[in-house]
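A, B, C and D are the chain letters, set down in written order, and residue numbers restart from 1 in every chain.
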Amino acid sequence: MKLIAIYGSSREKGNSELLTEQVLKEIPAERIYLREKNILPIVDKRHEAEGFSPVDDDYHEVITRVMEHDVIIFATPLYWYGMSGIMKNFIDRWSHSLRDDRYNFKEKMQGKKAYVIIAGGEQARIKGLPLVQQFQYIFDFMSMHFAGYMIGQGNKPGDVLQDDRAMSDAQYLNQQLKSMI
Amino acid sequence: MKLIAIYGSSREKGNSELLTEQVLKEIPAERIYLREKNILPIVDKRHEAEGFSPVDDDYHEVITRVMEHDVIIFATPLYWYGMSGIMKNFIDRWSHSLRDDRYNFKEKMQGKKAYVIIAGGEQARIKGLPLVQQFQYIFDFMSMHFAGYMIGQGNKPGDVLQDDRAMSDAQYLNQQLKSMI
Amino acid sequence: MKLIAIYGSSREKGNSELLTEQVLKEIPAERIYLREKNILPIVDKRHEAEGFSPVDDDYHEVITRVMEHDVIIFATPLYWYGMSGIMKNFIDRWSHSLRDDRYNFKEKMQGKKAYVIIAGGEQARIKGLPLVQQFQYIFDFMSMHFAGYMIGQGNKPGDVLQDDRAMSDAQYLNQQLKSMI
Amino acid sequence: MKLIAIYGSSREKGNSELLTEQVLKEIPAERIYLREKNILPIVDKRHEAEGFSPVDDDYHEVITRVMEHDVIIFATPLYWYGMSGIMKNFIDRWSHSLRDDRYNFKEKMQGKKAYVIIAGGEQARIKGLPLVQQFQYIFDFMSMHFAGYMIGQGNKPGDVLQDDRAMSDAQYLNQQLKSMI
């Protein structure tokens, strides 16, 4: 079981990252911080004769690393009740990968286990639910297994570590992941 | 009543744009195509001493134009069961505007009427619902009035014009908007 | 194409009924008013040795009539952001039917087209969405085809007839159903 | 802090009940089993001149006991992706209570803390989310505080006790409730 965490926050050591580090405690995992990568928005050419053009950015490197793992953790702050724009741009590009001969993208992704870790402000445990449903549709489409999610609450950096429910959930996920590796 | 449409598609004349043009038929409206703009992802500095730094891109121009209107139409393709990454990056930047002294952003936005027009593939009328809920939370937060939404279905460019339900909905919204201006 | 409408309202000529009558204008359809039927809550005996016991009420008659049709319209007021309790009790009983040798229930229901018509109060077009999602899960489970839904708004009896968007949607569904029969 | 749990299952010692008993371990709480009560469906007379008629069943006794408590736990199996019909009928009757001079219903309910405990089958942690959203709307309407929810998975009686995530969540809620009383 090889594990990778993809961080969608624009901020170093933000609440979603702190929360995910609790989940990953003592677990070997690769980490990708999308804010350090240059990933351009998709240009949708599904329906043009020439198809998608190669894009010169970090997407290829990132998706290649992702495909090498069995468990993928999507860690994102709840920005405006959704995943961050930089994480969304990353996922939007999957449409290109689905048509990229280098990848066998769908085959490679199917069956992978996915976890979603969200940190948001007030009422995030309710107002983050549409995002959980969106991820469900994404994973269904890719035939991935939605193995679990959790939502923590906190505004100022570090707040989430005071969210007892989130800490309890993180501890549970940590044990679950440990038992898998 | 001044009306502006914000297009989130990466593609010219994609289904979400075609659908929105049906809604806007014979209605004076400004249009912003986010794909033509350079809008960088947010860098969240809400909690840093120096605060947000000015960003050198097209965001300021776009949000200034948006604030001058009374009715805002958010037109987006359903990419991976959410709004497009470029539209999400645009909205993520609102967090900066909320703290930008130039704007009185929240005051200016509150009370504006918002419409959401989504075009997606198979089952979009169901699988687009989490996105509708997300927009509801966004508009609630901004004290905007969520005046209506519609979801069209279509894959290939132009398909949405064959979606009778979408055409019926578009005609209704067109008449509603006409009666307002 | 044989069509049946199941009415969940406790009230004669309530908004959900009025709305559905617009949808059914000039269309031959059977109608079942659940408020006139005695349908007891499920007693869950899936896991007991003796299995479900026969229940002496109107459920058998109702479900038998439903199974004879190709298109099923579920018309319900939005009571507390869900379907009415009497409609829920009716659907809960499906768990019994799934295990009732008389029926071949799942086989008979699969492939049927389902429509959902909801009438609710303020913001029903948003706050009714969890109910639409619930119906999607129900129809998925039964391999039924979720052919369409609409949500009207109105509080006092008859209000929904003043809801222009609902009237436009109803007219569209009416034409769609006419083209099917 | 006086605590009451309302059980919506039709089955004694079903998974939702077992789960809730974990949450309530060593905590003094009143319990109401709706399956033992006769609570009739609402007959909506909000808009009739004579108003609601008194109903001769157990509702009055139940709602009176509920109003005497500060924390209300709604424990329901996920039947067809919603709360059970008997719980829904109970909540539907609140529409009557809102207009019943004996009660000051809204005033009495506002500010109460509400918890929701759901037990369902496969994928309940995803497919139960529309029900969580429905409860949010219910509590918002009543100005109650939605203090927490949890979803356990299990099919056969007792299964939920093998759901490690649910047991972890239950333990957390148990500690939280203990700290409140």
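The rule is simple: a residue touches a chain if its C-beta (ideal position, glycine included) is under 8 Å from a C-beta of that chain, and two chains touch if they have at least 3 such contacts.
Since we're looking at a predicted model, the values are computed, not measured.
> Look at interface B-C and say which pair in A-B, C-D or A-D is its repeat, using the rule that over half of the contact pairs are identical by residue number.
More than half of the contact pairs of B-C reappear in A-D.
> How many angstrom between the C-alpha centroids of subunit D and subunit C?
So the centre of subunit C lies 24 Å away from the centre of subunit D.
> Between subunit A and subunit C, what distance separates the C-alpha centroids? Give it in angstrom.
Distance between chain centres, rounded to whole Å: 38 Å.
> Taking the mean of the CA coordinates per chain, how far is subunit A from subunit D in Å?
About 34 Å separates the centre of subunit A from that of subunit D.
> Going by the touch rule set out above, which residues of subunit A reach two or more other chains?
Each of 129, 133 in subunit A touches at least two other chains.
> Just spell out which pairs of chains touch, all of them.
Here the touching pairs of chains are A-B, A-D, B-C, C-D.
> Which positions of subunit A touch subunit D when the two form their complex?
125-126, 129, 132-133, 136, 146, 148-149, 164-165, 168-169, 171-172, 176
> Under the stated contact criterion, what part of subunit D meets subunit C in this complex?
Listed in rising order, the residues of subunit D that touch subunit C are 9-11, 14, 35, 41-45, 47, 77, 79-86, 88-92, 94-95, 127, 129-131, 133-134, 137-138, 141, 156-157.
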